[in-house]
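Structures are listed in the sections that come next.
In what comes next, chain A is part of two complexes: it sits with chain B in the first one and with chain C in the second one.
Then we have the complex of A and B:
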């Protein structure tokens, strides 16, 4: 997420005001929405929720099914989503492979697969309602449902907990 | 993360409205050496865009270079560096034009207003300021006229169907005083509290509106007065770009550059009929440009296009292919989703002349996938100028 793949770098925000970050933190808006599929997929809820430094989240369930999307912080920075490029089912993706992209009027940002797995489906609801990315990026706006190769891959130091992710946002700016 | 690459804010210049932008929650970004608002808190890019089309948007365009040209040879000088007839242009009116290099390539696009028989007010792009200054200083030698950047004046653009109501309520005489100020005209107005401004009925959105030049010391006051009206909202650079794209206007560096002539970019109308026989002075690149006009020898033209389905937007540089995908026919110069057209992807492109006709079906190739598009007439969204 968030390698701008277009010329719109001229509009790229330089810094996000510290008070906005604090606001986000207080609201904990980068937490997965407990009322939506990424959380409710299994009755016990996700066994692990992790974040990448490039602002993806992944919520993995005990059976190895995981949901991937972008954080609220990323969605706010991107602005109104106008199109979401979804991955095709059965794509085999390694960690770091492109999973799709999110477009706003001014830019396009790649989304990367946090850990290796096979795509089960993209969130087709985003075809008609790309704005779900802005309205509920950690819930209804999930981007891909994947079968992880190995749930233990989530234990890498590369991935962050919610607390670590929120802290990284603060340190970044 | 995008922030990392653009964190050298130290040397950025600030316009006179900087504090106002920050106080309104502007997301400030570096643009052409200035710290400028890309959007404001409380309104998304799309909301800002639509607000301007439906009401009135206020843009700070003070980063653009305002200058004056004065002296006996002012017209002859303009006739060397531009293809537009400034001799017969009435005083108090403006024309879009282009600065041309010796090969007929476009150095910059510009709005030039005739303020007196041998006096002009010129607005050029912020991003080209250094290049334009060098160009003008080089070109002016031997002409009896002086070109000078204007210091200490801000430029505010108020755009949209309610712009007249909003600006009119602040000036002596009220909105009635704007009734005979038509598109392309510029003259002085006095605000009810005595501040003097110069207002041109023009803009970069395709809507009715004004570009108001005011001394820096009164700029914030004017900005606040305009925004006191609930019909007006501050709009940032993001929506400015999507509005101009829909309106079919060029962005220097995207549609225009030093290697493109006015004919290559479908701006032949800037070459005034009265300039084409050379009797009013031959402009830079006269021969190559007139040859392109006479034998239609330009290989490319600028067109608009629309997607016929959904897909990722075709951004600058995206290749355009023939409908069967076999032949490259050009490239996208600007492209994005169109907020006014319900999010359909649109753009402008430089294409071979075989693909110039509206309705021609082509493909864009975005990240190795192709999407069908159709060549469309510019502007892609109808303009609403206040004309006679």
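Then we have the complex of A and C:
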């Protein structure tokens, strides 16, 4: 995937940085779970994984199908999820539109669509098991499966790589 | 110093007047407490209004704080007992103040729950937020609602409320935009809403501030926080909380029972179990608690509670924090009106909320978006549940 190679090029200016990146990928709890559908949907794995400043992640596959969810950081901050409001299939969403919400400990938190697309399905498993949001937010707890309007939309400065996202968390807290 | 002397002082804190007529100005000064660039005549006028409103605040620093605090409180109470008209924001002032950076305290003089929730939502949505710059945009809003029963965004209305009984007893039914469970409001209950950035948001922060403030104010009062972050007086709950996180911001709004007619609340909220009604589905259930008022024993009036919270907010965040007043007639705009319409709509109140299944001795019903999508009784299929609920459930 050419997108992967540009990412590597951007984040490996020196050997030291490259080693740091690898270390971070292996350690980060905000990395997408490689054993679950958001990762295994296509045999080659996602062609791009991006993060928003609102703590959503999006994993896009070569055919333009993408999975959206919230990060481990966000799930931990929310506390135990009691209800997940899922998007309706066929909803056409622009970047920044509300994709759904998570209720946890009396708090309703909005989830936003990172880039434009059409909702294919919400993760119905969350209806019966909202706790998946806490147990595996970057895997089994994915919230929506969407067909992106244009995969190239992921190449915006608004979205972050895992490394950039982790860095932003350190800067804020 | 006698009361009459005090009452003749300039009144710094106008009342929570119920009157919709708000135009009197009673403050004068040349100081401008907020930095506004005077770009046009319109802004000049606005700037002058800020000057007028906050002149007293600017000169307060020199005075003795404890005396001042007593005077403020007496003024506050005096105003609460009289129906003096006050300066409320007009539409463009509201827009300006909300969308500019900076902290403030906002009071709604309206008792209309739909307007108050819409105003809260407007302030929340338009408070500036930038991930890159550190924000100092904490805001505190107070409002008092007429008799109403308020459920959380993701609750099933018939599971939580005796809907017909609520209507018979004259309580409005409202679905709010935040999470959590069902609460009952009346004019003896104060709603406070603390708004901050998502990054600075801490669930327990504001209730801890209130609990500490009440303990300072009345050291003999047994005020504490429960494990759920609720404020307790002795062993009973006096305040309920709910939260909303959106657009990089968050608010914590809560109720404080000061002098509510708690007896009147009975028969409105359903207990955990109702004979012959089995509810299934993902909706959020209320946690039932025994409630009481803090009036008489901790604070004298809803106004005193508002005053103490305002003071605590100012003390915690420091600096000049202006106070504004809104009413339904003047402090409004298209967005607030359309939010009121949404909140009042059948679709929002009855038809939103999670999918659920109701099992009764007479049959089973699956309801999605307020519509019966499957049922053992074919005559109910595809009908809105609100239209058949009165004959089916308590």
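FYI, the second predicted complex is superposed on the first by the 146 of 173 C-alpha atoms of A that agree within 3 Å, B and C clash if a C-alpha of one lies under 4 Å from a C-alpha of the other, contacts with A are read in each partner's own complex, and residues count from 1 in each chain.
Note that a contact is a pair of C-beta atoms (placed from the backbone, for glycine too) under 8 Å apart; a residue touches a chain by one contact, two chains touch by 3 or more.
For clarity, every value in this text was computed on a predicted model and none was experimentally measured.
> I'd like to know which partner A:106 touches here: chain B for first, chain C for second, both or neither.
both
> I'd like to know which partner A:166 touches here: chain B for first, chain C for second, both or neither.
After superposing on A, A:166 lies clear of both chain B and chain C.
> Once chain A of both complexes is superposed, is A:56 in touch with chain B (first), chain C (second), both, or neither?
The answer is neither, since A:56 touches no partner chain.
> Tell me the contact category for A:136 with respect to chain B and chain C: first, second, both or neither.
neither
> Would you sort A:80 into first (chain B), second (chain C), both or neither based on which partner it touches?
first
> Looking at chain A, does chain C or chain B touch more of its residues?
Ranking chain B and chain C by residues of chain A touched puts B first.
> What part of chain A is shared between its chain B contacts and its chain C contacts?
53-54, 79, 82-83, 85, 101, 103-106, 108, 127, 130, 172-173
> Which bits of chain C are touching chain A when the two form their complex?
These residues of chain C touch chain A: 131, 152-154, 177-181, 198-199, 203, 228, 241-248, 250, 282-284, 354-355.
> Once bound in the complex, which stretches of chain A touch chain B?
2, 4-16, 53-55, 77, 79-80, 82-83, 85, 101, 103-106, 108, 127, 130, 134, 172-173
> Touching residues of chain A toward chain C in the complex: what are they?
53-54, 78-79, 82-85, 98, 101, 103-110, 127-128, 130, 168, 172-173
> Going by the contact rule set out above, which residues of chain B touch chain A in the complex?
Going by the criterion above, the answer is residues 1-3, 5-7, 9, 27-31, 38-39, 44-46, 49, 237-238, 241-242, 254, 310-313, 315-317, 336-337, 339, 343, 345, 367.
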